[in-house]
Amino acid sequence: MKAAHATRAPADAPAAPPPISRYPVPALDALPADIRDRILEVQEKAGFVPNVFITLAHRPDEFRAFFAYHDALMLKDGGLTKAEREMIVVATSSANHCHYCVIAHGAILRIRAKQPLLADQVAVNYLNADLTPRQRAMLDFAVKVAERSHEVSDSDIETLRRDGMTDDEIWDIGAIAALFALSNRMANLMALRPNDEFYTMGRAPK
Amino acid sequence: MKAAHATRAPADAPAAPPPISRYPVPALDALPADIRDRILEVQEKAGFVPNVFITLAHRPDEFRAFFAYHDALMLKDGGLTKAEREMIVVATSSANHCHYCVIAHGAILRIRAKQPLLADQVAVNYLNADLTPRQRAMLDFAVKVAERSHEVSDSDIETLRRDGMTDDEIWDIGAIAALFALSNRMANLMALRPNDEFYTMGRAPK
Amino acid sequence: MKAAHATRAPADAPAAPPPISRYPVPALDALPADIRDRILEVQEKAGFVPNVFITLAHRPDEFRAFFAYHDALMLKDGGLTKAEREMIVVATSSANHCHYCVIAHGAILRIRAKQPLLADQVAVNYLNADLTPRQRAMLDFAVKVAERSHEVSDSDIETLRRDGMTDDEIWDIGAIAALFALSNRMANLMALRPNDEFYTMGRAPK
Amino acid sequence: MKAAHATRAPADAPAAPPPISRYPVPALDALPADIRDRILEVQEKAGFVPNVFITLAHRPDEFRAFFAYHDALMLKDGGLTKAEREMIVVATSSANHCHYCVIAHGAILRIRAKQPLLADQVAVNYLNADLTPRQRAMLDFAVKVAERSHEVSDSDIETLRRDGMTDDEIWDIGAIAALFALSNRMANLMALRPNDEFYTMGRAPK
Amino acid sequence: MKAAHATRAPADAPAAPPPISRYPVPALDALPADIRDRILEVQEKAGFVPNVFITLAHRPDEFRAFFAYHDALMLKDGGLTKAEREMIVVATSSANHCHYCVIAHGAILRIRAKQPLLADQVAVNYLNADLTPRQRAMLDFAVKVAERSHEVSDSDIETLRRDGMTDDEIWDIGAIAALFALSNRMANLMALRPNDEFYTMGRAPK
Amino acid sequence: MKAAHATRAPADAPAAPPPISRYPVPALDALPADIRDRILEVQEKAGFVPNVFITLAHRPDEFRAFFAYHDALMLKDGGLTKAEREMIVVATSSANHCHYCVIAHGAILRIRAKQPLLADQVAVNYLNADLTPRQRAMLDFAVKVAERSHEVSDSDIETLRRDGMTDDEIWDIGAIAALFALSNRMANLMALRPNDEFYTMGRAPK
């Protein structure tokens, strides 16, 4: 970690790019095969390796558990749309001031929702974003789970049901908020840096 | 205001664009000449009329006072660079969750600083942005003025002086934070909507 | 500023009066004519020069913009009464722990409202002050704008309308809270000291 | 309590004075002799009966215990001056937004300290009041006990000792903050109204 | 106090038991007779001397006032049950992170309520504890008095009345919360250590 | 979920035991073999099935990911002791007011640390618990990650290194705080009830 810190350059010394993590970043070919394969797969699809993959691979068992959890919640079929799930990630990651997750999942949200403005709106103040009433109720609950889950009550559940959410969808909202409570803290622990690519992805209107 | 509210469409009804303010938006040619001239001048320069101009013109005297204050702090020569002043705006407007100011001044910051990533970094968590030590000290003080100005002490001033700030620059940091404390609250009162153009300005690296 | 600090005497060394600002205080006859005239005018009327005038004159352009904004909101005819406007100033300045504004505008409130107890009540806890229901709703909204303007919603506006406020009055409440968000931060930045006269003005019952 | 509520008049209906407590206020001659004597004694000395006496007498046993505690801390000889003790009351009662205690003990502080401005300064923002370094350290600790006593640490105690406080004085600071934590909550529970006399007592400079 | 601090041993040096207070602990036979008698009485009943008695006896007058207040609220007949009073103590002491009061009154609550699980539930999150609706309303009000008593309003009182509370019971809820606001701060000031006995008392189900 | 709610009995109707989750609880023999085996294994070892296993099995994929993450951090050899890891869980779960995790991991901490008092101390106020300086520094960092991870800085890392923590241990502290950020939110979402057994485990001194 020392070397990485020594090269953390201030903005007015642009020659040295800042490190992407406080912790050592493994070389791709030194990784276990399953992790390397997963990383090559995402690289194939995205055109680059999102930094969360290569930095979290510093701890292979935690890498595997994290992405298993992620896939179970973010990739499964049915229930919330993929865009709605990303809205939850952006809203709660903004509440936690997580640099990596707001920027990277903001990009994914722009792409999934085909709304180039929505991610920035949700990141700054979801209360004032271009949301449907269902989406607004969804984010109210997600942010409550993120910030004061001990106040979640039966009456919150009833409200969401009246808004048309199924019990499975309510679990998903809470569980995505909970997973990114973990993810945001890990990214902040590592000072995880988003790839430059994320900042511009999906900004052109469809 | 009723009509405006009636057309505030949810995101899944894209035909009707949301209003840019909770309050009536004046027609350009109904405005006093000095205000109309100022608006035409900014339109000439930017290629569009930033919404804060036309919406704040609902109150001509407040429009004049606001932009006089703005120009005194943001356009004057010497001291803080123009990019530094915009960093203060973005950091404090993010602390206040002001949709308009984060998006619009984020765009201006990208252009002024010639760093396409910096505005989003500062908006999410300035503690983790690509800043020089001087910029970091500047934003620490600006956010303190924004959030708990009653705790500003002589020792804060001494710290900034040791970081190389002049007394005039220290005033400027505090005054810009103070002006956008006003601006953010007015924008949130109006539910002021940023122009779509701001979201993409200055994103291409130089 | 060094000299001013050197004379900031502790309370048990009463010989040296504390400075009225952290920043240099200009001599009246060194000021631009319009500012000097404004100051002489207020001195004529009040019998003394309120410290905010002479200290803010350190920056003539900001002085002009601030008082233009102030006059547009605090002196205009119609809408909120002058006493109501001062209640907003005292309630929000107390939320911001602004020494100058609570003491000085507390005095003005006592005079405008002809209620010698109201200013102190509003400063300590407006929730428990001698207010009409309309005044209470007004201060609830003003304090919301002061403390969490990003949560202002259409339903807040509707509530105020039902309480009999016009849309123009609602703007005024929010705008006064916004202007003193600026003013409180400037006063705290300067460590602006209220004139001794303010503490006793208007205390005799009418 | 119903009757009292019925007469709680808004400010614009001055004929009916607001009640001094949410709870029934006993008649002086219906009180136990020791309590009546105490009240007559304070009336003799102050020229009026401070409302906390007559309202708390609704519960005689609590009255006795409260004033026994009060006298043990506020009236005993040695250690903190009487003015310093009142500074602690005003600073912590302001943190708790207690109408009665800020107004009534503000008056007593003015008289004890022979500084007509100090009480209002401490009530608005003690960080910016005319205090000696010892008084400032005293109030920092008192407000910590009032707001987050679970964070009091051995190093706080060491700091106060270095500032010249004895262990007995440190106990007194904490204990006065603790007693008014109780007192403020009882006053807020009762919506206890300060006597009008307190607002003006001690305002003339000595 | 110096000696006590010197022997405050870390957990990995178990030979030296930690002190029970930051302040000197008086010897029983050096105490005034009335205090010694009270302590012997509680020792007779409980089988040990709860540390709050012997440590608070460092200040005899405050000891007498505190226990007079305590007995007036916690031992009187009628109104709230003794178990309900202890619930208020545990819920508000947990909000104040008071080590002594949560552990000691948790034990008393287990015994009074004959519910061995309730005290730990209330200490962690009373919103999720095994409470009747009446008990839940009681704790909502108690915690409001503990944390933001300045927001207590006539409508809170009305709500409790509708839940079946008498005005006297409402006073008791608020007064117990107020007394332990004092008690928690004194315990945190002293770093008062609970007796080991309290941790296990009343845990066997009845 | 309806049925479960209908049987959530208040404390004064003890006949009906409250549900252990807001969500349906699967029957053991309806579960996938790997999950059933894991549950039988823990039952064999503990003598009962901790409720988190059977309730989280409602979502098999999330169950697998959660326990894979748990085992990677809580069961691996080297670095932090098992007792230290449980201290982190109890301190951060208490900050999140998570009923299940404080009670269940409090029991495990008592057993691992062979200190029957430590868990309750850490749950109420870790700042005042019987900790070594290393443990105190560990919990300071863990709670910072739990509550404001965006403020984690290089200087926090340096402080922990000076206290003798390795970089791998620092990761572990942060990662355990992050995992229980997730776990606490899921438990609060489900209103997960701890097994009665946990309340008394490990209370007898060794």
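As written, the chain order gives the labels A, B, C, D, E and F, with residue 1 at the start of each chain.
The definition used in the following text is that a contact is a pair of C-beta atoms (placed from the backbone, for glycine too) under 8 Å apart; a residue touches a chain by one contact, two chains touch by 3 or more.
None of these values were measured; they are calculated from a predicted model.
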| item | value |
| --- | --- |
| Neighbouring chains shared between chain C and chain D, ordered by label | B, E |
| Chain centre separation (chain D, chain E; CA means) in Å | 24 |
| Distance from chain E to chain C - Cα centre to Cα centre, in angstrom | 44 |
| Two or more partner chains touched - positions in chain D | 97-98, 125, 127-128, 150, 188, 191 |
| Touch relationships between chains, expressed as pairs | A-B, A-C, A-E, A-F, B-C, B-D, B-F, C-D, C-E, D-E, D-F, E-F |
| Touching residues on chain F, where the partner in the complex is chain E | 10-12, 18, 94, 97-99, 102-103, 115-118, 120-121, 123-125, 127-133, 135, 188, 191, 196, 199-200, 203-204 |
| Chain C contact footprint on chain B (complex, rising order) | 1, 5, 8, 22-23, 59, 61-62, 64-66, 68-69, 71-73, 76, 96-98, 145-146, 149-150, 152, 154, 157, 167, 171, 174-175, 177-179, 181-186, 188-189, 191 |
| Parts of chain E lying in touch with chain A, wherever the complex brings them together | 125, 127-128 |
| Touching residues on chain D, where the partner in the complex is chain F | 150-151, 153 |
